[in-house]
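The following block contains the structure, expressed as structure tokens.
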Amino acid sequence: MIIVLKPHPTPDVVQHVLERIEALGLTPHLSQGVSRTIVGVIGDEEKLQVEPLQAIPGVEQVVPILKPYKLASREFHREDTVITVKGVKIGGGHLAMIAGPCAIEGESLLMEIAGKVKEAGANILRGGAFKPRTSPYSFQGLGEEGLRILRAAGDTYGMPVITEVMDPRQVDLVERYTDIFQVGARNMQNFDLLKELGKTRTPVLLKRGMSATVKDLLMSAEYVLSQGNREVILCERGIRTFEDSTRNTMDLSSIPVAKGWSHLPIIADPSHATGKPDLIPAMARAAVAAGGDGVHVEVHSCPEKALSDGPQALLPEQYARLMEDLRQLAELMGKSIDVCEGESVSCARC
Amino acid sequence: MIIVLKPHPTPDVVQHVLERIEALGLTPHLSQGVSRTIVGVIGDEEKLQVEPLQAIPGVEQVVPILKPYKLASREFHREDTVITVKGVKIGGGHLAMIAGPCAIEGESLLMEIAGKVKEAGANILRGGAFKPRTSPYSFQGLGEEGLRILRAAGDTYGMPVITEVMDPRQVDLVERYTDIFQVGARNMQNFDLLKELGKTRTPVLLKRGMSATVKDLLMSAEYVLSQGNREVILCERGIRTFEDSTRNTMDLSSIPVAKGWSHLPIIADPSHATGKPDLIPAMARAAVAAGGDGVHVEVHSCPEKALSDGPQALLPEQYARLMEDLRQLAELMGKSIDVCEGESVSCARC
Amino acid sequence: MIIVLKPHPTPDVVQHVLERIEALGLTPHLSQGVSRTIVGVIGDEEKLQVEPLQAIPGVEQVVPILKPYKLASREFHREDTVITVKGVKIGGGHLAMIAGPCAIEGESLLMEIAGKVKEAGANILRGGAFKPRTSPYSFQGLGEEGLRILRAAGDTYGMPVITEVMDPRQVDLVERYTDIFQVGARNMQNFDLLKELGKTRTPVLLKRGMSATVKDLLMSAEYVLSQGNREVILCERGIRTFEDSTRNTMDLSSIPVAKGWSHLPIIADPSHATGKPDLIPAMARAAVAAGGDGVHVEVHSCPEKALSDGPQALLPEQYARLMEDLRQLAELMGKSIDVCEGESVSCARC
Amino acid sequence: MIIVLKPHPTPDVVQHVLERIEALGLTPHLSQGVSRTIVGVIGDEEKLQVEPLQAIPGVEQVVPILKPYKLASREFHREDTVITVKGVKIGGGHLAMIAGPCAIEGESLLMEIAGKVKEAGANILRGGAFKPRTSPYSFQGLGEEGLRILRAAGDTYGMPVITEVMDPRQVDLVERYTDIFQVGARNMQNFDLLKELGKTRTPVLLKRGMSATVKDLLMSAEYVLSQGNREVILCERGIRTFEDSTRNTMDLSSIPVAKGWSHLPIIADPSHATGKPDLIPAMARAAVAAGGDGVHVEVHSCPEKALSDGPQALLPEQYARLMEDLRQLAELMGKSIDVCEGESVSCARC
């Protein structure tokens, strides 16, 4: 940690800063330059909190040198984390292909979509039973009945399933049905929820908040990891910017940045990032080419009748074409897409 | 609602759109221009969901005309909402002056700060017992013991109190101690929490999320209002932008915008918005001059020893000087700052 | 300047960094901590360029300690710069009240508006003769004829005038007619234009770019100052964010930030920042309360017929009411609004 | 165009709006809904300016339906524009691989870099002679001597060359030496420069401004096109957001968005977007996978001695490895990378 003092500090100010650091059992290291006086701190930087130091009169700036997360850091854990869910690997060269409707609307519809995405090559089935909707008047999800349907569809097709959890009170219930918890962008800093999930041993897919930096995302992962659950999958789903041609701006550089800083797998969600089906295939390909560990795509067989986020869903046949491209791209990148077990069944269009 | 079709629609596409609208019991209104075909919808627009319409093939754009919130809207409720908490009015010309430390750290310290801010003219006492911290390794608050201390300080000085609630499971507990619930920026779209708070009859101060538009903020207020709790106070605390000289960018235009669209009071929090005590007085004055219904300021008697957010706190004497300015400004704006009852006591510096 | 090396640097890397610094005639200062090795640099930091150092293999981060601008810095020049234009002072407690139409559309109209804003208390007249329009098909301004009209109106009412210059080839021409050059947000980093203006001795009002930080704005001011022209007025006019209720987001904290870092005056332009007349009075008051050195407001007597930016203009009578408020606020802040000489004439409404 | 009136308009307001539209020779189309009155406009929408309509009292919102650009629009020109420069095609399935140093620093160094990027497969050589630097104290480029060196290197290796032009006064000079003009992000809305370039017949590579939407970028392209120069190449180089792990946020969704709206080719510049060589290969691959028409990469043989932007340059050997990947990816995407004529020469490392 480096503490920069304001110009022309009095000896008292310098003395006070040195005393505060020594009181914490650390060694200060004073450098007096032409224009500024700087105090470096040697020892266990973690003992120092940036905030109280910044509040000392005469301190201009405190520059932390170490990253504030530990368990999520690649310095702490050099190898890529590989997460295995019902035989499907995620990370370390294995791509997660998550697909399904935004919301679970009924059993026959989900079965139909599940069959089709399985056939196209998806290896994890998604579907929302608890929906975080901007409007209190929008469809809020089927709740436990939705979870039951999702589990049934996953079992039918031998696919692991993922679904969103929004409330710490739902963690036990949702865990009974799902293979992966999803934490939505709006809950990325719902710290009570993260702590509750950290106490389970079910993997957590953590979506980046719309105003979260990559560092913030890793700090939120740290909340889960620090409670003992080491299986976190990061997910880029777009950040909020002034550009209005897409729902959010997909920040694909977060993929190589996160992979440099952390050992956790990171996937991309072009459905929520763009909000436009026309753009999803291009951005899904780009995510894999950028080194992403998977792609999360919403698929619905009748988008215009979907109860939630219909306009951003691909049709099953569009998804099948995209998976063709992604398989070739994965091969070029030296990566594999695990196939999940269970048999595909054919089903009629809606 | 207006539905714009893509160029050169086939008669089938036009027919399909008209049928979907009529099926909802509404009257479509077709306009064929030189370059585009447009369908206006007459009737109760609320019945129409934007999303499914956008998913119809051949639809280029759906333009909602009405605002998606109702109870929060000034069209629904023309008069300013005035909220009264233990005799202190907020809104409709009455300014809330909320002050206190970021976190409650102990009884004697809070009593000292409470006494000083009361003397300076604050009319609501703040203090956090449950702290949403970016790092799991930072101080997380004193919990119920903190709530007890806050209540005691409020009672001693005759001040209503406000404290943050982060988890739907804490609502009952927190309500036993506080006069106003605070919902932090990170929880602005924690919809389960909002619904739980909507079921109480205790006022809710709702902070704007760092990536939330004013419309999003009003939609979140609508969650609380729609459950029956009509006492919501909005709070501008900065949005996330590329500017790095301040912690967030305080968007003061949100004050006149929100006052135009909604009847709810809106206050400003320059402490969190700027993160820098040097900037707080200027931005607090600006918030009142822009028409804000109050100012939320963190005050600590020893910022360099604060366990949370010390660097952004004002010293009690700085707060007293600021309140002098704000009182004059309030008078110029034709507004009043209610004085809360109870006697001020003198206390020693830390 | 502080150079942070990547973890576990080899002795060669450390040696190479030390050599590069010594080759520049500076003294490196090595600190080896538990987790990181840090090299502080003592001497004239200006000699060091951040960029080449960052490119050295083994360097993780280079942290500049000094601000990159000098002539614009308050460290260089402690007193507020006060600029005097035809007897009207700007800065150091004197507020510039700049008003007029977006574009100059004709002599009688400008005369009428000039008379009214002068009467309301404006002390500088604005009007655009060269207009930077997003669309090549929009009205581009009257050119030199517009400049002539502006000069005539200024002379008639004894008001100094300000107008935009967009192209280095226009500098001589515009200077013959104007008292202050205006550089628009889109040209804030048009460095050839800034250099050309730096060679003149006419004050320059420099608008903040829509994606410029306060530091970037001061760096652009430095371009003008470094050529010898020491009279630069900064102008906050909104930055681009995701919020869409206003045209841009007015970042009023830039006012106290800039005043802390620099001696240059800074004013605010709520017309361009908000794009909505309903919001202009609130934001103009907020700008003065935040410590701004003036307000720039567009005024037009028939906004619906204006050739440019009509919807954001105030009517003359709205401007007069606003000036009433601003005069009281200025007094409260201990500031004055200079009155310009020349006689007001009455004129008919359009 | 659709004009939405404020709630409960008086008959006078409605009448006034209808008259204004008819006065322009257009046909208004009145729809009176339950909550709002709407006026659609049929006829040549181009005749209507949004702005003056918005300024009419009683108008709540004006919704333009048509895009404001024409010549840049795919509605106007369905086929992809393909630009040919000295035998190298750009667009329509042909990828531009632009490489070279940020600034031209000397003849032998540029010759060396040119030889290496040519050998790696680059088909256009870049180098800056006029440099837009944030600081007036940074290296500003070699000027005409730099242009001469660039031309010589291009001729030696049979590569077309591209260089930046910043000032309308330089257009003639730069055109004598270059094959493609580059307009930097900071000049994207330097309209006088764009008009000057529109009068030439030399292709223009137009970089997206840091706060420009895709629509803004196309409006700036329209400035060039409307003067008669139909050869514009768009370039995504990152926008400004709150994320600070990269210099800018590369918005790759701009590629499929721009290709949907416009026939112009669009390439990506991961060097400026990320500012970090570690991230360039991932983002260059992602740009091609997203459908981009080429990649612009800065290459320098000694980044730590570069006079400008060294830290973001790839070494020639890193560039060669990247080109291997991009060739395979291009093949997978069904695209080709034209080879430019002329012989490669071997040269020593710096």
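Order as written gives the chain letters A, B, C and D; numbering starts at 1 within each chain.
In this section, contacts are C-beta pairs under 8 Å (C-beta built on N, C-alpha and C of every residue); 3 or more make two chains touch, one makes a residue touch a chain.
Everything quoted here is computed from the prediction, not taken from an experiment.
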TODO: With contacts defined as at the top, give the pair, A-C or A-B, that has more of them.
DONE: A-B
Open item on the list: Measuring between Cα centroids, which chain is at the maximum distance from chain C?
Closed with: A
- [ ] Averaged over CA atoms, how far is the centre of chain B from the centre of chain C? Could you give it in whole Å?
- [x] 31
- [ ] Mind checking the centre-to-centre distance between chain A and chain C? Centres are C-alpha means, answer in whole Å.
- [x] 40
TODO: Indicate the whole-number Å distance between the mean C-alpha point of chain A and the mean C-alpha point of chain B.
DONE: 27
Open item on the list: For chain A, give me the residues that contact two or more of the other chains.
Closed with: 211, 239-242, 244
TODO: Please give the residue numbers of chain A that touch chain B in the complex, ascending.
DONE: 20, 46, 49, 51-57, 68-69, 132-138, 166-169, 186-187, 189-193, 195, 209-211, 216, 219, 222-223, 226, 239-240, 303-306, 308-311, 313
Open item on the list: Touching residues of chain B toward chain D in the complex: what are they?
Closed with: 2, 4, 7, 29, 31-36, 38, 40-45, 61, 63, 65-66, 75, 240-242, 244
Task: Sites on chain D touched by chain A in the complex - done: 211, 213-215, 239, 241-246, 249-257, 260, 273-274, 278-279, 282-283, 285-291, 328-329, 332
